[in-house]
Amino acid sequence: MRYKEFKKHRERMNAKILSEGGRNAKRFFSLDTDVYRDSALPSKTKELLGLVASTVLRCNDCILYHLDKCILEGFSDEELYEALNVALIVGGSITIPHIRYAYEMIEEIRKSRQ
Amino acid sequence: MRYKEFKKHRERMNAKILSEGGRNAKRFFSLDTDVYRDSALPSKTKELLGLVASTVLRCNDCILYHLDKCILEGFSDEELYEALNVALIVGGSITIPHIRYAYEMIEEIRKSRQ
Amino acid sequence: MRYKEFKKHRERMNAKILSEGGRNAKRFFSLDTDVYRDSALPSKTKELLGLVASTVLRCNDCILYHLDKCILEGFSDEELYEALNVALIVGGSITIPHIRYAYEMIEEIRKSRQ
Amino acid sequence: MRYKEFKKHRERMNAKILSEGGRNAKRFFSLDTDVYRDSALPSKTKELLGLVASTVLRCNDCILYHLDKCILEGFSDEELYEALNVALIVGGSITIPHIRYAYEMIEEIRKSRQ
Amino acid sequence: MRYKEFKKHRERMNAKILSEGGRNAKRFFSLDTDVYRDSALPSKTKELLGLVASTVLRCNDCILYHLDKCILEGFSDEELYEALNVALIVGGSITIPHIRYAYEMIEEIRKSRQ
Amino acid sequence: MRYKEFKKHRERMNAKILSEGGRNAKRFFSLDTDVYRDSALPSKTKELLGLVASTVLRCNDCILYHLDKCILEGFSDEELYEALNVALIVGGSITIPHIRYAYEMIEEIRKSRQ
């Protein structure tokens, strides 16, 4: 999915899950937000952990979500590429299509912010 | 893939696999049908097992296939959401894009049946 | 791990995680308990969903944990084997070592309860 | 992704990764090419290993990449279907959407070569 | 698990699954044997496909099972190492513990055959 | 595996892979070392990325390897627990046995260093 389409779809469906999915879905989503807040580790580091975890687990939507956050946190392209190199060596060539997607979305997110 | 597109594509390609893929492909497909039939466990329960297995393994086409069956078996939205909550806690936030897809397809399947 | 060794190890390490892992670890563990409680779906069905999810994700400790719960909920061997057949067809021959482990643990749990 | 779109996208993004991703990305890509060259095992056999690995790991772009190579190496449809049957039994029904994709792309690659 | 322990455990538990797991378990196991028989592809090639699939999916028992077959089929150490190199590049550094296990078992299987 | 047993086994088998596995195995291992060196991102951050990637991919030996490095780099228990909380939310309850293992190994590594 492209960046803007993803954001719209994510917003609409998350609203539905939060309103209809029951109390436990809500608790999961709220925990999923809080885990990335500043604590013993800064939020910035944890977003990068989220990006690499998403890449080795090969989930494009999750990659896009964490790239967006990582770019807001101020990571440079070079730093993001380094993190993706860690994901590539850990996860192997099977992650390459997701690495390509990540590079493409870095371009797209930066453009949409200009 | 959307519901109707999926059904058409699935039908065309399965026909090809069954006619050209050899005897073992055929045996696999036939076993894959029979496993979900009523036995010690009712077919209805087994379709829900198939849905949760598909969600934690993060396969949208498989989610759509089993959602379709689960809705035919008579599960309510609330029951499906509960099963998806089990998948979400077992499989983690990496399943969220697939949970969103599942909620969207529940809407779409119900509409196509009205 | 064997059944009794698993229970002891699990108890000791969970206590450590809950006391030292911070508030978010605690919230995750508490949610992980609540998701399996009776709701739109009975707890019994959800434990079976947990078993099949654990099997297709190929986690022996998780299989053992849910088998224990499933047996407490009153599932017969025949019903458990049927659920494992669903996991086998969904997850493929790569799950067979875990299916073997599950059969072995069913024996061991039933014996420890006599 | 369709065959031609994939090839174009792959070419553009790989060029970007190779020019911007740093020395280690380049080394990975170069190793990823060399691993499939003739050695103790012929390149042809290794491409088939790559196809089956990609199928059980359920990565469509990787399947398409190795199918393209396998067809260049001269495998017949029947041989490719046999290899996919191995992937299907190892990886289970969760691979079926990827098997369908593989059959479809075999058609498409052969047509594009006529 | 070590080679001899594995063979004994596998034999005992498979017998139990085949006698108690119902007709569909039996059909799966029988299909799982037949898929590797000579057909469009020789059995030897298919065992190597099974080894690489098992390695990228990171299942030690499955690796051991297919190594045993591959060695019976006559593959040299050098050929097996080449196939494992394909698995390593596809699956990444996360497969390294399984590659180490494979090398160790190759030694052990060859010794047990002397 | 326990910490000391792991280190010995790893050393022996890696030596074998490097001496017998061919040039491409050597190149992979060398790249796998270099990726974690200081660059745009500090080595310390990249070891934490390796730990989280290993946890969501559920590989105990890889977790142990990166924990060892992370502790050498000076991470506190609290920081490691925070990183493991990210892995837990991304990867779900299926990672819990590996989180337990990580907590246990943190104890063991710190003791072996006193």
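Just so it is clear, A, B, C, D, E and F label the chains in written order, and each chain counts residues from 1 on its own.
In this text, contacts are C-beta pairs under 8 Å (C-beta built on N, C-alpha and C of every residue); 3 or more make two chains touch, one makes a residue touch a chain.
None of these values were measured; they are calculated from a predicted model.
Q: State the smallest step count from chain C to chain F, taking one step as a move to a touching chain.
A: 1
Q: So which chains are sitting against chain D and chain F at once?
A: A, B, C, E
Q: Show which chains lie in contact with chain C and also with chain E.
A: Output, common partners of chain C and chain E: A, B, D, F.
Q: So chain A and chain D: same face meeting same face, with over half the numbers shared, or different?
A: Different-residue interface.
Q: Which of these pairs, C-E, B-F or D-F, matches C-F in more than half of the residue pairs in contact?
A: C-E
Q: Of all chains present, which has the mean Cα position farthest from that of chain E?
A: Most remote chain from chain E, centroid-wise, comes out as A.
Q: Could you see whether C-D or A-F has the larger number of C-beta contact pairs?
A: Of C-D and A-F, more C-beta pairs in contact link A-F.
Q: How far, in degrees, do you have to turn chain B to put its CA atoms on top of chain F, rounded to the nearest 5?
A: 180
Q: What is the chain whose Cα centroid lies farthest from the Cα centroid of chain C?
A: D
Q: Roughly how many whole angstrom separate the Cα centroids of chain B and chain E?
A: 30
Q: Hey, how far is the Cα centre of chain D from the one of chain E, in Å?
A: Roughly 23 Å separates the two chain centres.
Q: What are the residues of chain E that contact at least two other chains?
A: Residues 22, 24, 28, 31-32, 35, 39-40, 53-54, 56-57, 62, 78, 81-82, 85, 88-91, 93-94 of chain E each touch two or more of the other chains.
Q: Which category does the touching pattern between chains fall into here: line, ring, star, complete, or other?
A: complete
Q: Over in the complex, which chain F residues touch chain B? Could you list them?
A: Touching chain B: residues 56, 88-95 of chain F.
Q: Where on chain A does chain B make contact in their complex?
A: Against chain B, chain A makes touches at 9-10, 13-14, 16-17, 20-22, 24-25, 28, 32, 53-54, 57, 59, 61-62.
Q: Which part of chain A faces chain C closely enough to touch in the complex?
A: Contacts found on chain A: 22, 24, 27-28, 31, 34-35, 39-40.
Q: Flag every residue of chain A that touches chain D in the complex, lowest number first.
A: 58, 77-78, 81-82, 84-85, 88-89, 93-94, 96-97, 99-100, 103-104
Q: For the complex, which residues does chain A have touching chain F?
A: Spelled out, the residues of chain A in touch with chain F are 31-32, 35-36, 39-41, 45-46, 48-50, 52-54, 56-57, 62, 76, 78-79, 81-83, 85-87, 89-91.
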